[in-house]
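Down below are the structures I want you to see.
Two complexes, one shared chain (subunit A), two partners (subunit B, subunit C).
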Partner chain A sequence: MKSLFQTNMKTPLLAVLLVFATAFVARAQGSRIQLSSLDHLAAKASQSVDVTIDERLMKVAAKAFSDKDADEREVKKLVAGIKGIYVKSFEFDAEGQYSAADVESIRTQLRAPGWSRLVNFTSKKEGSLEVYMLMEGDQIGGLAVLSVDEKEFTIVNIVGPVDLEKLARLEGQLGVPELGLEPTKPKTKNEKN
Partner chain B sequence: MNEDYLWDKSGEPDPEIQRLEEILGPLRYQPKPFATPTNLATRRRRYFPLLAIAATVLLALLAAGIWFRVRVSHNSQPRQANVTPMPPPIEEKTPSREIIAEDSTPASPAIRNNKPRKRSTALKQRDREEALAAKEQLLFALRLASEKLNLAQRKTQGTPPANQIKNQHRVG
Partner chain C sequence: MKTIFITIMLLAALMSTTVGHAKGDDFNSVVKMIEHFYRVKHQGIPFLAKTGMKVATTAARIKGGQAKRIAEAGSIKLAVFEDQNFAGDFMKFRASLNDALNVTWMPLIQTLSGKNEEQVYIFLKSAGEKYDVLVVTIEQRDASVVQVTLSSKNLAILLRDPEATGKAITEEATISDPE
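What follows is the complex of A and B.
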């Protein structure tokens, strides 16, 4: 009887475990956006930034933060639950270096169930800025910021729970100067001369 | 008295000797096969588990001693490893204090030529560099995300209605 139970139940049990494991992995990777489709832009960009911090690197990086410094302690707390941060940013000398398909390859992923758009700012002069959030129950499961203008393409993807308020407060902290991302107004002909 | 009786029981026995024979007769030697006492055998067997336990305990103590010695020598490596001149810290503006503290411990010159420790120093150094590089990348990514979020907030709060944008024209 015991052997009959073992042989008959082993396969379904393994199948159930496999399903659960797959669901768990899918859930963990749910807020991860595939950014590899943008790799070809690096060749056209005058300046490109590619940050890939997976879970292992997150843990490694967390060790480098001091518990004695208040600012670093805050950052350590902020990144404690984050499973990964992925950034791709390209700056171009000329306009039209990226296609609508490049933007769409990201937006398509952000239309998946669970993702919701918090901010959608669009301007002909300043391009567009979109903020997406993935909710997992009551908790934020991921964040994506897509910033596109004529000469810039930036996507930031944070995987895992993140405190938006704390994240927004990071600007200008830890002695690191602000990146100055506020787009400068294009110079008029008179100013150029 | 015939003494032959005392030698080979021949001749006429002395009544006194006969009497003594009768008294001591039951105590004479009677040959029988040798048998090992059963209790002796069991008593010997009882020592084996005790010996096995003692040997196990001894081996465990020996293993624990070796492990402790190895661990102590391993723990002392980072302190000794810092003898080799460290390259200047990588371009990290705010390095972790714990990491810096590890470097400040002096080491004895007697252990400078210890190759395994040098190797562990290199590993430690690589780990530290990896941690600092990851931290730098992480800070950059967080800063970028933070800036973008604030920018989004500013734009959404400060943006005039859509109609106004459409109807605006640059003067000149």
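What follows is the complex of A and C.
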């Protein structure tokens, strides 16, 4: 009887520990968006890309880019402080391959405290583009870009201090897809006046 | 108490097995994993050289060092699977591959093409001052596993454009020269 009682008590205790552990991990991850809920879309997609540049790899990248080469120096500056770049992108042959629930699984996370939407562009032709930023105090903690249209679903999540300008410059590099964000051009003398 | 102890011991045993597996010769483990999952057999370079198949020139190229444009000289490990059936649940394969390698290797990019049933996986790990890169490519009838060592300079090229550079690594190791 005693052992039965012990067994019965163990389950809730383990469940409580699991909840605490999950909460701890979620807190530690900060601006990291959980993207695994989208994994099932790869089976339906005509093309899927999954980029994972985690903190270990970002440290490697920071070392790999040389200060001697101008282009690499530029990338090195862009990635300084970034703790992770995560991309999931799916292209489909037909419409209706992903559900509203799939989009919602991402948007729900981006409604969490600290996140705010910077850009919300919707067009019938080009779909929608949403850019979210996480503020941690007065520092940028991360960015997320959600780009969806009828046959495409892309989510880019950058963990660390990155603004839109940096993100635009990272397009096409380190696995960040072309999102159509224009980097701001340096102002000419006339524009400044 | 006994149950908890047994569970801990089992978990420890499982973890040591996983770590041991990942720390060993991962290249051969991945080749074996493909063979087991898809029930195929890889062809070694000497065999291909004897039969004069398209990869025959690859051995010469590797020996001749042409592939060191990206890879460090003498660092290439290559296993090729030609004209075999790679039909199977690629989602399951991806999960198994990630489970096996995630301890010691860092996943960089994974692309799946449903249309061509093509899968490309690129993993990376530090090797002292240099970096080991593992590129696994699986198509409908062919597959290859390539492991190369990269200098820091070439790693920067890979990181800037992982998809194209990963493809270039595989192509350098497997495509025959136009003669």
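Please note the rule applied: the second predicted complex is superposed on the first by the 137 of 193 C-alpha atoms of A that agree within 3 Å, B and C clash if a C-alpha of one lies under 4 Å from a C-alpha of the other, contacts with A are read in each partner's own complex, and residues count from 1 in each chain.
Note that a residue touches a chain if its C-beta (ideal position, glycine included) is under 8 Å from a C-beta of that chain, and two chains touch if they have at least 3 such contacts.
Note that the structure is a prediction, hence the values are computed from the model and not measured.
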{"item": "First, second, both or neither for A:53, with subunit B first and subunit C second", "value": "both"}
{"item": "Partner chain in contact with A:106 - subunit B first, subunit C second, else both or neither", "value": "neither"}
{"item": "Partner chain(s) touched by A:75 [first = subunit B, second = subunit C, both, neither]", "value": "both"}
{"item": "Touching partner for A:33 - first (subunit B), second (subunit C), both, neither", "value": "neither"}
{"item": "Partner chain in contact with A:171 - subunit B first, subunit C second, else both or neither", "value": "first"}
{"item": "More subunit A residues in contact [subunit B versus subunit C]", "value": "B"}
{"item": "First (subunit B), second (subunit C), both or neither touched by A:61", "value": "both"}
{"item": "Which of subunit B and subunit C A:41 touches, first, second, both or neither", "value": "neither"}
{"item": "Partner chain(s) touched by A:93 [first = subunit B, second = subunit C, both, neither]", "value": "second"}
{"item": "Partner chain in contact with A:134 - subunit B first, subunit C second, else both or neither", "value": "neither"}
{"item": "Intersection of the subunit A residues that touch subunit B with those that touch subunit C", "value": "49, 51, 53, 57, 60-61, 63-66, 72, 75, 174-175"}
{"item": "Residues of subunit A defined as touching subunit B within the complex", "value": "49, 51, 53, 57-58, 60-61, 63-69, 72, 75, 78-79, 85-87, 89, 118-119, 121, 123, 126, 129, 131, 143, 145, 147, 154, 156, 158, 164, 167-171, 174-176, 178-179, 181-182, 188"}
{"item": "Complex contacts: residues of subunit A adjacent to subunit C", "value": "7, 10, 39-40, 42-54, 56-57, 60-61, 63-66, 72, 75, 93, 172-175"}
{"item": "Residues on subunit B engaged by subunit A in the complex (per definition of touch)", "value": "93-99, 127, 130-132, 134-135, 137-156, 159, 165, 172"}
{"item": "In the complex with subunit A, residue positions of subunit C that touch it", "value": "3-4, 90-91, 94, 106-115, 124, 126, 131, 152-153, 155-156, 159-163"}
